[in-house]
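What follows is subunit A paired twice: with subunit B in the first complex and subunit C in the second.
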Partner chain A sequence: MTRVAVVGAGPAGLAAASAALRAGAEVTLLDAAAATGGQYWRHLPPSRPAAREARLHQGWRDFTMLSRAVARHPRATVIAGAQVWAVEPCAFGDRAPTLQYAVGDADGSDRDVRTLSPDALVLATGAHDLTLPFPGWDLPGVFTGGAAQALAKSERVAVGERVVVAGAGPFLLPVAASLLSAGAEVAGVFEASPAGTLAAGWASGAASVAAMPHKLGELAGYVVGQLRGRVPYRAGAGVIAAHGIDRVEAVTVAALDADWRPIPGTERVIACDAVAVSHGFTPRLELAIAAGCALADDFDKLNPAGLDGLDPAHFDGLNPAGLDRLNPAEPAAPRPWSRFVAVDDDQRTSVPRVFAAGEVTGIAGADAALREGGLAGWLAAGGDPGDRRVAAARRRIARYRGFARALDAAHGIRPGWTDWLTRETTVCRCEELSYGRLTDVLEATGSRSIRALKLATRAGLGPCQGRICGRTVESIAAARNGAPLDGVVIDRRPIAAPIRFSELARLPHPEERHEP
Partner chain B sequence: MLPPERDPIAPAAPEAVTIIVDGIPVSGVAGQSVAGVMLAAGRLAWRTTAAARRPRGVFCGIGVCFDCLVEVNGARDVRACQRIARDGDVVAFQDETLPGGAA
Partner chain C sequence: MHSDAIVIGAGAVGAACARALAGAGLTVTVLDASGAAAGTSGQGEGNLLVSDKLRGPELSLAMRSLELWDGLQRELDDELPPGIPPLEYERKGGLVVATTDDGAAPLLDFAAQQRAAGIDARPLTAAEALDLEPDLNPAVTAAVFYPEDAQVQPVNATEALLASARARGARTVFGARVIAALPAASDRLTGVRTTRGDFTADHVILAAGPWSGEVAACLGASLPVRPRRGVVLVTTRMPHRIFHKVYDADYVAAVESDAASLQTSSVIESTAGGTVLVGSSRQQRGFDDALDLTAVREIAEKATRVFPFLAGASVMRVYGGFRPFLPDHLPVIGPDPAVAGLWHATGHEGAGIGLALGTAELLRDLVTGRAPQLEPGAFAPSRGTLAAA
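After this line comes the complex of A and B, so read on.
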């Protein structure tokens, strides 16, 4: 029997586990959180039942059906609180990579350390908020949109009494709705992209969007049902500074041009006790990179055409992530905001027996993640590629790629945002690196090496390992000195999560690991 | 936190959990994270940064940014937003000032 491991129990991971079970595999589903659902379906713990919890979610029935079906299946093992901290590629290519994971209290010191060597692996690790720096964003009371939503949905805590929501993308709407549901006042929702960009971007993907009734209904529901008349919404505006001594007391909002440059003279100050800001999403790539998966930084390369399974030629010319080698040719302008795991039309990565699905392969929302996960899980389990559902899934996924493109065209980060930074603005929160220091080092060294820049400035070397600042730093460096030449990808984190020495000391001996 | 009787999702009566935060008992709802208990009790920041000695609390809320680190029951560097609060947990704040003052 094929043993399939799925990492991440959000929409993509749950769908993958369910499809792999349907195809007859033995499935292990791992997630670091205390419950399945991922960030999209992050929900109240079992100790807090609520009769109308479905109101907080989209597609809640999909979640309850999928999670119950997987949890009750005799061939499934669902392990919550399982932090995968390392992935070791298989040297001989006859197995999927080995997973090292720890089970127990988050960041606990006596977790159970375990190893898993599956026949096939589905990576569905999702994404986290991408929040661009602005003056004062390191003040307590500044949150990502994801934080505001997670605390509202899974704890019923509103991050403030009067909250400003800002950034870019349709995600701002559910964030505002979550805050309202938790009892907060939302002082305004500010979308950075101006109306013209939004209209042109979404028009470019009109056919794809129309093919996604869930997504359309979801957005219309927020605008008409929950937010209208209660929350001011403005396009072409953003929070360009947060003010306060030891906590947020107000923000400055300014109109932004099509390049997201603040328009002088449009600034106004809005009093608030919290601000929730997200400019997009960063895929969680470290496990895929550790497994050796190629990355792609262009939508058209993400899903190379070809239905005959993996053709290594598909991956030629893609960003050779994780190889840390000097690329002799002048690289194309990097697109740090849109770098994902490269997959073919079957969700196969460049590594045999490793599949990827959901936001790690492109930001296209939960509908796409469900389809991609289902396809990945089915094929990872050795399911029949000629099954009619496979062809149907491929067609749907191709349409969702159009949605991802439209999303990027309408809401993607524009280069003018750096105009709202000051020399004093913190860029790397962990290491307290300022924008002025970063640009001084870039100017003094002329460096086009991400590694050298990290060592010179400490950007990305703190506890978060560049998860928050990494792509910002890459983007600033590329804009000043040209595309980095050293091939170092800031998402590379061989130790994917902190592990304590006491836990390492209890690792199984290598000879004990290779169980049949 | 929204009082349960005003919550549109009609929650059942919550079960309490009490943790000790910086020596003071703080009550929350069973199943909440350590960060959620502290935020609901009105505390927004708890860590002090190494160089500029600035206050930090929750930023990303989903275990990515490591800004909300606390000491729980004697173990340092626990993400408060990820750790589920258990009755009697002792939470202490981390001051990361380096020897010799600001870096």
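After this line comes the complex of A and C, so read on.
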């Protein structure tokens, strides 16, 4: 019997587990959280059921059906609180990579360390909120959109009485709606992309978007049903600073141009006691990278990140300081904001027996994650590729990829955002690195190595290991000095989560580990 | 573009060579296939050690280098722009301990030989060792303190040396991978063809660390440098409880070993950032950089024997770097025996940061025809112990 391991129990992972079971596999589903559902289906603890739960969640029926089907299945093992901390590629390529995971409270002292060597692996590790820095973003009262929504959904607590919602993307709308439902006043929703960009972006994916009436209806439903008349919504505007002594008391909102550059003279101050900011999502790539999966930095290309040298034509001499500066003729920097696990039409990664599904392969929402997970799980389990549902799933997924492209075209991060930073703005919160210090080091060193830049500035060396600042630092470095040349991406974390020395000492010895 | 000298490799050794040559009045161009400190120099601890060395040419080179490191910060203070991060030079001292009965006598013998060679190596009682490091395993069977052992932050040091070289007129070009010699098929090297164009020079200095063997082959030379992998664990931040560089006495044996198989020993120290670095392993497996959990586990076990409190510490990150290994454990510093115009400054294995300044000084003396401070013969690329390899 094929043994399939699925990492991540959000929509993609649950769908993968369910499909793999349907195809006859033995399935182990691992998730670091205490319960299945992922970020998307974050729900109440069992001791506090809510009658209106179903109304608060998209596709709640999907979730209950899937999670029950998986949890009750005799061939399924669901392990919550399982932190995968390392992935070891198979040396001979004839098996899936080995997962090292620890089960139990991350702060507790007696986690159980375990190893899993499946026949096939589905990575459905999802994404976390992406928040671009701005002056004052480290003040108490500034939340990620995801954190504000999670508190509203699971604790029925609004992060403030009067909240400003800002950033980019359709996710701002459910954040605002959840704040309203938790009793907050929403002082405004500010979408960074101007109306023209939104229209052009969504029009670029018109065919695929039009094919998904459900998706459009979902978005329109938010605006019309819950927000209209109650919440001012403005496109082409953003929070460019938060103010306050001990916590947020007000924000400055400015109009932004098509490149997200603040337009001078348009600033206005809005009083509020909390801000919820989301500029998109950062896929959790570390396990896929550790497994050896190729990354794509564009939606259409299987293109491992990093450059191998440059075309000689791009070298045209040196500046007087002796520092070889960014040459405008150089190839464009890799796009750190749109770096995902590269997959083919069957959700296969570049590594045999490893599949990826959901937000790690592109940001297209929960419906796409469900379809991708289903396809990945079915094929990982050795399900019949000629099954008519496979062809249908491929067609649906192709449309969702069109949707993801349109989403990026409409709401994707534009380079002008750095104009709202000041020298004092914190870039890396763990290590308290300021934008001024970062640009001073980039200027003085001409650094083209992400590894060296991290060590010289301490960016990304703190507890979050660059999960918050990493892509910000990469894009600032690339814009200033040119694309990094060392092939290092900040998402590479061979130790994916902290592991204790005492836990390492309990790892099975290699001779015990690689038994068939 | 023509320069007096090209340095291939913008790691610590290449940066130090560029600075020394530029200081001697040469025009210098530094080429790197990637960026500064993107290879070995960005993946180590920045050790400046005498404690792991015995009498001989490497010790002389280490002692001269330490002397130069000690004066470097003062020299750089006036030269460098404010964006260059601090060297973090610290003469924190090394404490070498044995944790087994069998390990005690060899450590004390080794220290006695080092004292005879001029190293300040002070045997300590267990109580004295615990005074220096209160959290040390009280069951240590022998301990020796080396006050001269020091460290720098290796990336910052490399960037500082490069910036200083630029202040002296040198130029740095990143993303320039060497493809071929100029002219092709000639005994006299007059430059290199790279992925960013042709660069000519009277002297070409190869300081490409573990990649030096490949680059040498591109240039028609032969150099038996091989990559040897080392892994260092980094803990989450914790209160400062380790005050010196602390090693298990096994470390010296691992450094001196020729074995390709995995060898680990403990090298433990705190950083300014509050993390603890725990090394290290040595293993030959080409340029394979996949995580090796066997090495990680062994390193963690041995470190816990030296500092039992580390059992509760968490590993947050690992570095896995390749070090340039030469079969006779000495760097090559000097002219290539076959290709005129080509010079080598590589093969320092894990000691490249510590030996960088002495290496650069010796290379500068040889290139410019000055009388060298150190006897160059032991480091000559033409030496017999390499010919056999």
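Please note the rule applied: the second predicted complex is superposed on the first by the 480 of 516 C-alpha atoms of A that agree within 3 Å, B and C clash if a C-alpha of one lies under 4 Å from a C-alpha of the other, contacts with A are read in each partner's own complex, and residues count from 1 in each chain.
Note that a contact is a pair of C-beta atoms (placed from the backbone, for glycine too) under 8 Å apart; a residue touches a chain by one contact, two chains touch by 3 or more.
The structure displayed is predicted, hence computed values, not measured ones.
Student: On the A-aligned overlay, A:232 touches which partner chain: subunit B = first, subunit C = second, or both, or neither?
Tutor: Touch partners of A:232: none, neither subunit B nor subunit C.
Student: Using the superposition on chain A described above, determine whether A:109 touches subunit B (first), subunit C (second), both, or neither.
Tutor: Both partners, subunit B and subunit C.
Student: Just to be sure I read the superposition right, which of the two partners does A:485 touch: subunit B = first, subunit C = second, or both, or neither?
Tutor: The second partner, subunit C, only.
Student: A:498 in the overlay: touching subunit B, subunit C, both, or neither? Say first, second, both or neither.
Tutor: After superposition on chain A, A:498 lies in contact with both partners, subunit B and subunit C.
Student: Touching A:290, do we find subunit B (first), subunit C (second), both, or neither?
Tutor: second
Student: In the superposed arrangement, does A:141 touch subunit B (first), subunit C (second), both or neither?
Tutor: First partner only.
Student: For A:93, select first, second, both or neither according to whether it touches subunit B, subunit C, the two together, or no partner.
Tutor: A:93: touches no partner chain.
Student: Tell me which partner A:444 touches in the superposition: subunit B (first), subunit C (second), both or neither.
Tutor: second
Student: Taking the superposition on A as described, I'd like to know which of subunit B and subunit C A:196 touches: first, second, both or neither.
Tutor: The answer is neither, since A:196 touches no partner chain.
Student: Determine where on subunit A the residues touched by subunit B overlap those touched by subunit C, and list them.
Tutor: Residues common to the subunit A contacts of subunit C and of subunit B are 109, 431, 462-463, 498, 500, listed in rising order.
Student: Using the touch rule from the top, collect the residues of subunit A that touch subunit C in their complex.
Tutor: Residues of subunit A touching subunit C: 86, 88-89, 100, 109, 290, 292, 307-312, 314-315, 317-318, 321-324, 431, 440-449, 451-452, 455-458, 461-463, 465, 482, 484-488, 493-495, 498-502, 504-505, 507, 510.
Student: Using the touch definition up top, name the residues of subunit A that touch subunit B in the complex.
Tutor: 32-34, 39, 44-53, 55-56, 105-109, 128-129, 138, 140-144, 146-148, 150-151, 155-159, 181-183, 246-247, 429-432, 462-464, 467-468, 498, 500
Student: Of all residues in subunit C, which touch subunit A in the complex?
Tutor: Listed in rising order, the residues are 1, 33-38, 41-43, 80-85, 153-156, 158-159, 162-163, 166, 169-177, 194-197, 236-237, 273, 275, 290-291, 293-294, 296-297, 300-301, 303-304, 310-318, 320.
Student: Name, in rising order, each residue of subunit B that touches subunit A in their complex.
Tutor: 1-2, 6-12, 14-15, 29-33, 35-36, 39-40, 44-45, 49-52, 54-67, 69, 75, 77-79, 81-84
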